[in-house]
Amino acid sequence: MDDVVVDIAERPDLVEPVLIEGLPGVGNVGKIGVDHLVDVLGAVPFATIRSVHLPAQVMVDGNGVATMVSLRLFHHRRAGGDIVFLCGDFQAVDHAGQYALAEAVLDICSDLGVRSVYTLGGYSVGHFVEGPRVFAAVNSPDLVGWVRGFDVVVGEGEPGGGIVGASGLLLGLGGLRGMRGVCLMGETHGYIADPASARAVLEVLKSMLGLEADLDDLDRKAVEVERLTTQIRDLADLLEKGDGDEVGYIR
Amino acid sequence: MDDVVVDIAERPDLVEPVLIEGLPGVGNVGKIGVDHLVDVLGAVPFATIRSVHLPAQVMVDGNGVATMVSLRLFHHRRAGGDIVFLCGDFQAVDHAGQYALAEAVLDICSDLGVRSVYTLGGYSVGHFVEGPRVFAAVNSPDLVGWVRGFDVVVGEGEPGGGIVGASGLLLGLGGLRGMRGVCLMGETHGYIADPASARAVLEVLKSMLGLEADLDDLDRKAVEVERLTTQIRDLADLLEKGDGDEVGYIR
Amino acid sequence: MDDVVVDIAERPDLVEPVLIEGLPGVGNVGKIGVDHLVDVLGAVPFATIRSVHLPAQVMVDGNGVATMVSLRLFHHRRAGGDIVFLCGDFQAVDHAGQYALAEAVLDICSDLGVRSVYTLGGYSVGHFVEGPRVFAAVNSPDLVGWVRGFDVVVGEGEPGGGIVGASGLLLGLGGLRGMRGVCLMGETHGYIADPASARAVLEVLKSMLGLEADLDDLDRKAVEVERLTTQIRDLADLLEKGDGDEVGYIR
Amino acid sequence: MDDVVVDIAERPDLVEPVLIEGLPGVGNVGKIGVDHLVDVLGAVPFATIRSVHLPAQVMVDGNGVATMVSLRLFHHRRAGGDIVFLCGDFQAVDHAGQYALAEAVLDICSDLGVRSVYTLGGYSVGHFVEGPRVFAAVNSPDLVGWVRGFDVVVGEGEPGGGIVGASGLLLGLGGLRGMRGVCLMGETHGYIADPASARAVLEVLKSMLGLEADLDDLDRKAVEVERLTTQIRDLADLLEKGDGDEVGYIR
């Protein structure tokens, strides 16, 4: 097996497509967002990427059917500009694999005529956030002015540590190929899957692309996560403030 | 040395063989099960796989004789369909090695005409289990109905995290080669070698393959493990409940 | 993508240049020192090295513009002998990558006629140091006498554990190519970026090369770090010595 | 740079040489033993092995001179059969590197006509040992009887977990090339360099090879280590048994 195996079921003929990436990461913000778009837009799967740089495992679905872990590409045709979506079960397990998979994705995208890359992710702040902000980074100085026109935080020293993983590499390596790149990062706790942060990121993305997409389902998921995290916070408060008996009882 | 070195002593001529895999893993369920079958069926060794992806060490037997760690293939001829067994001292030490070794095994199996793969393993539940259940996964939707006819749990969201390692990869990569694949996972504590769970898995496997094999020795080993774990649990209980003097005494 | 990608914008024509390396490491002494020299001397960037052995990420600048992590080479022409500077965001993430990047740098340097290598770093002593000493190591016995003529500690069993990373490899691998090599290590706490230690190292380097360079900005940074570490030490003292009420208050 | 670089200064012409390996490991028993033999026998260095699988660092000697980490081969001619010694600063940092370096050593040895391999190491028992035993393992059943003729423990279920690293691989991979192999492991605490254990191993080796070599220096080192460990044990006893005041004082 080669290090990266690309299996293109049928090469779609797309008009000026953009790539939108959302792989697992901080708060799973990118993955939740892009999986949602693929779902509500009914995007069409057309390519699978398997690799020795992905975990050595299969995923098992609700019927007990196992499938190799992979990255998957979908396409969606629309008047305002076609879209290629990058989804997947995992990011690469090692640095070299991150590079190899990003290059493989960019090879496919170059062939499809992709000129712009949007990468979605979370930005961990370590605490719960009401009304998460969206941080943005670009891969060329001439994009700074444009992104400032949207409801994002850009260029105030955030994110300080750079952008790690696929969202960073597709921006950086895409730029070396002459692709415009924007990374949108939703503020998030970091330890908990965060549909509300994904929604905030998608709102910005919709504005940037003039994209129509129903986000109600993310609201429903966000309410559910909010309910669960409130329970956890109440429990944590109780454990912290409670007297000996209460703590003993909870244990 | 190549990354994977396959040494086939003599290529057996087999009729519609199935592969049965049992390498070290959770509760060592798969390894205990397949090593037992190889033993009681008197299966014949015919191939050795060595690799830089296996630990850099030798095993030393009871006479002080050292042998390179390896995967080993055995064959067993029988009326109901020949069998190839995959045994070994270790799984690969890295993800890329897991892929490389699984592909090497599948290459040999393809050459021998293997069309079905059975992978055996444990499913860790973190506590002791009376009458362990056997979870099943398959690598094709059309196998779901068939496995439901046996005494297994299939498709109820278990195993949630996928199947990691050789048992998963042989299923997934085998499926990409058109092989039917079934993974049987015996419920087990996870921290202790579990012959009882291996026995439960082999009971299902025997039904599936119409295989005759004496499992009494596993019963004896299970009784011994049961005796040891009961001692450990009693000791743990004593340490937890005991007053200061008792604890001091045990120490 | 190849494992190491060298992008030389324009090959400079240099006279008997020396290489001065300062990559991230203990107390960031080397990086602070070389980044400072590049800055005050107005050295000219001429080459970029990207690699799968560097972290899979982009750096984001103050304007929100992302750039692939890289090593960067600068040159500086002067009467006393030209200089090539090696700067970068990271060292390689694995041992093999350390070798690959060091060889790539040495390949470029060989082509430019570099005959001497100066590598800068920190030497962790685990406590705060007033007036940090500078330890030196060389890659050839005939350099020992020469370095002893400067204000350095050399050959008294320090550094005991060898020199790890780029500073060590450029010395060792450069020596195998016939390059003279000197490593200068500034005494430093190890946990805190240390401009004072970088200044001490640069003072020695200036003597060795007859180099003119203003170090005042490092003094300013050292004062700032001194102020911060004093605050931290005071706080630590307070926490250690303080009674219950005080500690409670600080928390 | 290739993964493994072999630099043979001058290929020695040897008569039926044996290889004796002693690299860093448990209690540094093998390294202490072989370094001692090289020293007292005045063995002659003839080859250096460098590799990306060794740590990315240089060693610095007492004069401040840095040298690339390496494995080194020495030869020693004598009436009873010539000897090749394998010494080094480190073992490989990864499993694949262990295989690569062992194969490189065996390639050189095959070329020199080596037919027997003796690997030396420590066997960790986790406590201090008076009169350490020497455990032996061989790479062929027909050697068991012969090693039983010496003052060693062989084939009583020790070492249970196999032999890890160079001592194991040279035995195992050497065996696949038809070389006879014996591993001698000196009982040792495991956390402390152990010249006494190295001496015990060398006594057995001297008997096996009819080798003359003065071991007095190891005795001196063993006395020094004994003195230090006794101090440590006394201190540990004091800390454990001491009342509050004493403990406070020692702290």
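As written, the chain order gives the labels A, B, C and D, with residue 1 at the start of each chain.
In this text, a residue touches a chain if its C-beta (ideal position, glycine included) is under 8 Å from a C-beta of that chain, and two chains touch if they have at least 3 such contacts.
Computed from a predicted model, the values in this text were never measured in an experiment.
Counting every residue number used by either copy at the chain A-chain B contact, under half are found in both chains.
Rounded to whole angstrom, the centroid-to-centroid distance between chain A and chain D, based on C-alpha atoms, equals 51 Å.
Inter-chain centre distance (chain A to chain C, centres taken as mean C-alpha positions): 36 Å.
The residues of chain B never reach two or more other chains; the list is empty. By the definition given earlier, chain contacts exist for A-B, A-C, B-D, C-D.
Put simply, chain C touches chain A in their complex at residues 1, 3, 52-69, 93-94.
Residues 92, 95-96, 98-100, 102-103, 136-141, 144, 147, 154-160, 162-165, 168-169, 171-173, 175-176, 181, 183 of chain A touch chain C in their complex.
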